[in-house]
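Common to both upcoming complexes is subunit A, partnered first by subunit B, then by subunit C.
Up next, the complex of A and B:
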């Protein structure tokens, strides 16, 4: 119905405006997450086409993307100033954790890649 | 990397036949077998205690077949057959092993059973020449001994046979048997012997043997210095301390005397006394004054030495002393032992092991001693002729000895017995102990001395004929054998005696014609010889029939058992088969053979054996198939029939194929026993098998290269989008520290991260985990340090910004 679509459009616009207000750092992280997920989706599509023969490779590839996305989400949570829980945590510390966890994740991924 | 391989606790075979093995594996020694303990470290589908199992199987297999090793076992089939049943304490597994040469099949691995030996044993036809039971075969010395002598005593190139003693023994044996002792070889012997005689270092024993050899070979004696030797021997006699010394020196002196030289024994009485002093009260002798044990062997030597003294001294010896020795000899002969058939011998068991000589040596020593003494004693020795005959039998019953020493003992003793002064043994022998009634053989008997020489005129009579169970054949009366002077054989015609076939003990008596001869010659009382009378057994009334169980109708067929028949019968399980025949001896009596067997053999080579029963004059076998169905394993089909009849005295023992019978048996119920596995042609079972071609796992289908590369490119697209998005957002490097040191740390930080990522790429490409981890360790520490500095700097600047 016209009203419905109107409402949807209004909703989307308000979301966009609100999003524009988010700090840049958070936008970077969001973009990173989108990138990781997109890569994962492409890999899944590939597997859907050719079959899962080196299943370990597929898994490692997908899990790398998903894992790094998850870590980025964690980072976002911790860095977000509006989040009261992590008020005392310096963002640098969160970033260091992010880097460390990513490195460990990728070591395991590389091992599993085969 | 700790070894996780479970120690195999037990392997148990699940019954017999065997193909499955039950394992219990307990690696962590908690007394329970868990699934985890069946490890497969190298992931090849075979558990790591495979080696233990192989070892065990090899051991079991070698027990039956032998000769297998590790290379001959390999696991065949799909390794995935090794499956575990989890949840139970014991884990069964089916590891199919192919052992080289064995059957690889789904059948259980059977351990082959022993072939039924029964029928093979039953087909043994005993040749009649084997004499069983009491009485060994006695034959006088013959040419066989002569040829054996030449084989046993083989001289070396210089004519010697080893030591001087062995040479003497060989030459003495040759002398007795009449083997040629001339030739260039023995010239050399003469030379060595004379060297020995003139050498001052020879012992008395050497001198004794050397002198004897000189006598035997007839060596030229001009070069030998007999005086010196004689004086040496006489000194030895005087100084002798042991029996053997006395024996050798006296024997040497006697030998010198025999070769024509004059020899005087100075103190004959004293020497006699010295020897006599060593005697014991039971007739035995000691070797010297100090030794405590006495022996019979020494007695023989002592007697021979005493005889030498008497012959050397002439009439100087007191006759009473000789009489005493005669009594000693009588006591000695009380120790004689006997076998059941009249053979006598001497043996002693209570001597030191190194002094134990054995019955042959002991008896030989006594024989030589006693005969030598009897030759010099004016009065006759009080030993019965029967004892001499017993000793002669003992020596002859050895046959042809296997060693040179034994041969010498036997021949030397028999030579002393041949012409001794006590009594000369006469031996009765049968040249043939299997006599055929069909060919009207005569019973032939030879009576000779032990060396086969002519005996004095005598009469041989056959007293009794005994059956194997010692019953007399009553129809037989004592008969005297006729004499054939040309062949020197006593013979008797058997046909008028009407003795049936069988194994008999014949009892002979030999008596010398000359009435005084019984003193000189020893013939023995009753001589028992075992003989076989064989003949042709008539087979009569042989028939085979198939009848119904109520014995109404019968289809009888006559059999001719002189050749194979091809009778063809058929029967079902409700019928009976009857086979009957009669056996008659040449004299018309009913005959009971040792072996009579009927064999039924199925097409699949399963065999069954039956023994016919005897009743009155007939042998009958009735096979009631109703009762035999289970025994035949329910196998219907064609059965070949064979009949085997055999006996030692049957000249026409036979194995005949009678024909075949088609048996129709009911179907086997499920629980019926299976027929035993028949031995398979070894080549088919143990021969090479067809090659197993292993099919490797087909590689998975991969997508085309271009597709993969295309998607790789596609994966990089989001990265591009990410970078573009970043620019759109307005990423900047403002936060990058500007002052020198922090800037350096910041670059190092980013550099460090980049290095780690590069390390990962290298890890994927070619490094292994260990190297990677090592490098990662170093890089990580570095990165930690640098990162900490950078981030703390950034933190401090942002705090300053906030507060400022």
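Up next, the complex of A and C:
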């Protein structure tokens, strides 16, 4: 048991050390993802308390959070310099795609929000 | 110097190839359009069948009243007295597309009528579908395979059957949307670009708008993602291709009123959500694997597994309890009948009765996809050499569509593009190999020094691929093994040639094992090429024959060839025109649900039930009325405010799809809701007959009487040309109905409900008043009053 906790502690330490080595831009994107997911969870908790009456509003709210999180993760994948597959992709193009997709997503959200 | 000259000539060849492919694709589009015009030439530019008439009526409404009225339209001329919410129950893609085309044409001052646009929508979109197939197959294998697949799809009879000029149904645009969505998915998978992922979601939205078969896409793509993960092909491109599609696609699907919240609540979509969660877990695992050392990663996995399995078990248990609590486990009836083919026949006779929902027969495979049926296995093998994400998707698409086409004949349509892609790949591979061997011989003939040429090859096939290569040409070439060895040699020789039939990503291989070049005789490859061309020619011949003879019947106009020329049966339109001109605008017409759409569109009268078949009880009411004796039927129809009853009768001319042949379905559906209708009452010893041996229930039911009233007057004996015997009850009178119209060939017969008598005479007054003493009629027989 002690070995288990020891291992867990070692694991967390090494994870923390490895994560600290990532560049700041990626860390900002990660923070954005965490924020979006947290907002989604807050919305789900609110729905659990208050009830889901305008279901389309709930759906569009949650899916917009999840959608921006997913798109931010895609951006992070494309901008990450460790990814060999995307080394030819200029980060400006990646960001432009990200903005376009977000535009479409939020257009749909606003239509569906009711 | 020589290098630039080689590059110059290869770029010229590129340019020439590009122009040639554009020209070929244009021709393919023209072929796809023209082959579907047979019905317009043979008959006229008319809408076919039943469902297209509803779509045509909706498009007319849209063009006349605009889009806001269309979204809010409540149709009170159908399903009387319930009505139907058109805006919320129709898939708007087709009507919006045709409406847009009509508006565009008219704004450019090209005066096309709505009917013309509707009739020609399907051929135009089939040309688009052929081009989309080119794009998709180009992503899977290369431009040569793309062109072949496009040419095959332009003519495949299965697709023609649902997209002739005049067949204005959802599949006309839906198949194009399907192929285009798959193309964008594969493009995103190959390039990893978020731009194509956005386009993919928008194309999926168009597909959801067009057809209920969109559930095929939203289940096939997650299956493919799962397959890639399980076979170790996970990459970040897969994540980019799948995750945005799920979120954006679900939202867009929920936007369409027909789907609405079903996009998140029905089991058809749960697969995509499950795989969404799985791909996130896998992405996280790969990320952590990337930043940890291997030993620590092992520790992490053991820790996560012990905790994670416990949590997963709890979550799965909750999910199962939730899903099991609904009787159909959350699936809709139609989807369930796809997974369990016997479900519909046991529980939902309406779904089972539609002829398009029956399983196909073996010959229909050969009729519908012809030569492709045995080119497909060759294509499957070609997809494995080499296996890429895109080719694994093509194989998965083919396998699932083969299964579903075996369940329902209507879904052969989904099999058609998959079969075309596979056969395009197979044919292009075959041509590639054979032409390369021919080129090898020709170059050998003109050059002497080829043995010391450096072994720089363009392909990345390895030695192990020789075994599956042997199976590749099993369809039509004679010398198999020599072709295999020939291919390896000829691949080495093509370093100077830029092939348009490139069939794998080009990866320069520096060292290659020197194999002894085995030469296929020039004659064999020339003969094989010739045979392949003959095969293609036979395929084209069959497709044109199928389009001209089998699939171009508008089914609203029938023809037959007799000894004195062509005989045209235009009875349906005659009957609808009579209804339109000789009845009041608010009169209700009752018939079997097959004719509902045509009646509302052409006769412009309110109907009781139509082809939408959304209310089983209402249909069962009409079915019960048709199966009951006259008085009971009159009561039922009177309660529904019906004025006219329409039956289709084919006994005089031999038209086999008439109401007497469909009658048992009326009994079954009616009996499903009203238990006093029992199918056994209408069958004599389990056999359905209407001759002298028929049961009295059958001979007294409304359908029999309305079909055969005065039939004996035509030939004196009452010989039914469809059933091929004389009918049972020949001379009878109708008491509650009166005949108002019968068409020229007796195919459609219209009856009017007789109004209830005002005066009640005779003995029956006793039963009405009860206490008064009888004053019986002096002598004679008391006439039985039919209204009691």
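By our rule, the second predicted complex is superposed on the first by the 114 of 114 C-alpha atoms of A that agree within 3 Å, B and C clash if a C-alpha of one lies under 4 Å from a C-alpha of the other, contacts with A are read in each partner's own complex, and residues count from 1 in each chain.
Note that contacts are C-beta pairs under 8 Å (C-beta built on N, C-alpha and C of every residue); 3 or more make two chains touch, one makes a residue touch a chain.
This one's a predicted model, so the numbers in the text were calculated from it and none came from an experiment.
Engineer: Per the contact definition in the header, classify A:98: touching subunit B only (first), subunit C only (second), both, or neither.
Structural biologist: second
Engineer: Report the partner of subunit A that touches more of its residues: subunit B or subunit C.
Structural biologist: Looking at subunit A, the partner in contact with more of its residues is C.
Engineer: Going by the contact rule set out at the top, does A:106 touch subunit B (first), subunit C (second), both, or neither?
Structural biologist: first
Engineer: Have a look at where A:28 lands relative to subunit B and subunit C in the superposition and call it first, second, both or neither.
Structural biologist: In the superposed model, A:28 contacts subunit B only, not subunit C.
Engineer: With the two complexes superposed on chain A, say which partner A:50 touches: subunit B (first), subunit C (second), both, or neither.
Structural biologist: It touches subunit B, and subunit C stays clear.
Engineer: So which positions on subunit A get touched by both subunit B and subunit C?
Structural biologist: In the superposed arrangement, which is not itself an observed complex, subunit A uses residues 111 for both subunit B and subunit C.
Engineer: Which residues of subunit C touch subunit A in the complex?
Structural biologist: Residues in contact with subunit A: 192-195, 197-198, 201-202, 235-237, 239-240, 243-244, 247-248, 250-252, 254-255, 261, 264, 283, 288, 290-293, 296, 299-300, 303.
Engineer: Which positions of subunit A touch subunit C when the two form their complex?
Structural biologist: For this pair, the touching residues of subunit A are 4, 7-8, 10-11, 14-15, 18-19, 55-56, 59-60, 63, 66-67, 70-71, 73-75, 77-78, 82-83, 85-86, 89, 94, 97-98, 100-101, 104-105, 108-109, 111-112.
Engineer: Which positions of subunit B touch subunit A when the two form their complex?
Structural biologist: Answer in residue numbers: 700-703, 707-708, 711, 714-715, 717-719, 721-722, 725-726, 729-731, 753, 756-757, 760, 763-764, 769, 772, 776, 780, 787-788, 791-792, 794-795, 798.
Engineer: Please give the residue numbers of subunit A that touch subunit B in the complex, ascending.
Structural biologist: For subunit A paired with subunit B, touching residues are 24, 27-28, 31-32, 34-35, 38-39, 42-43, 45-46, 49-51, 53, 90-93, 95-96, 99, 103, 106-107, 110-111, 113.
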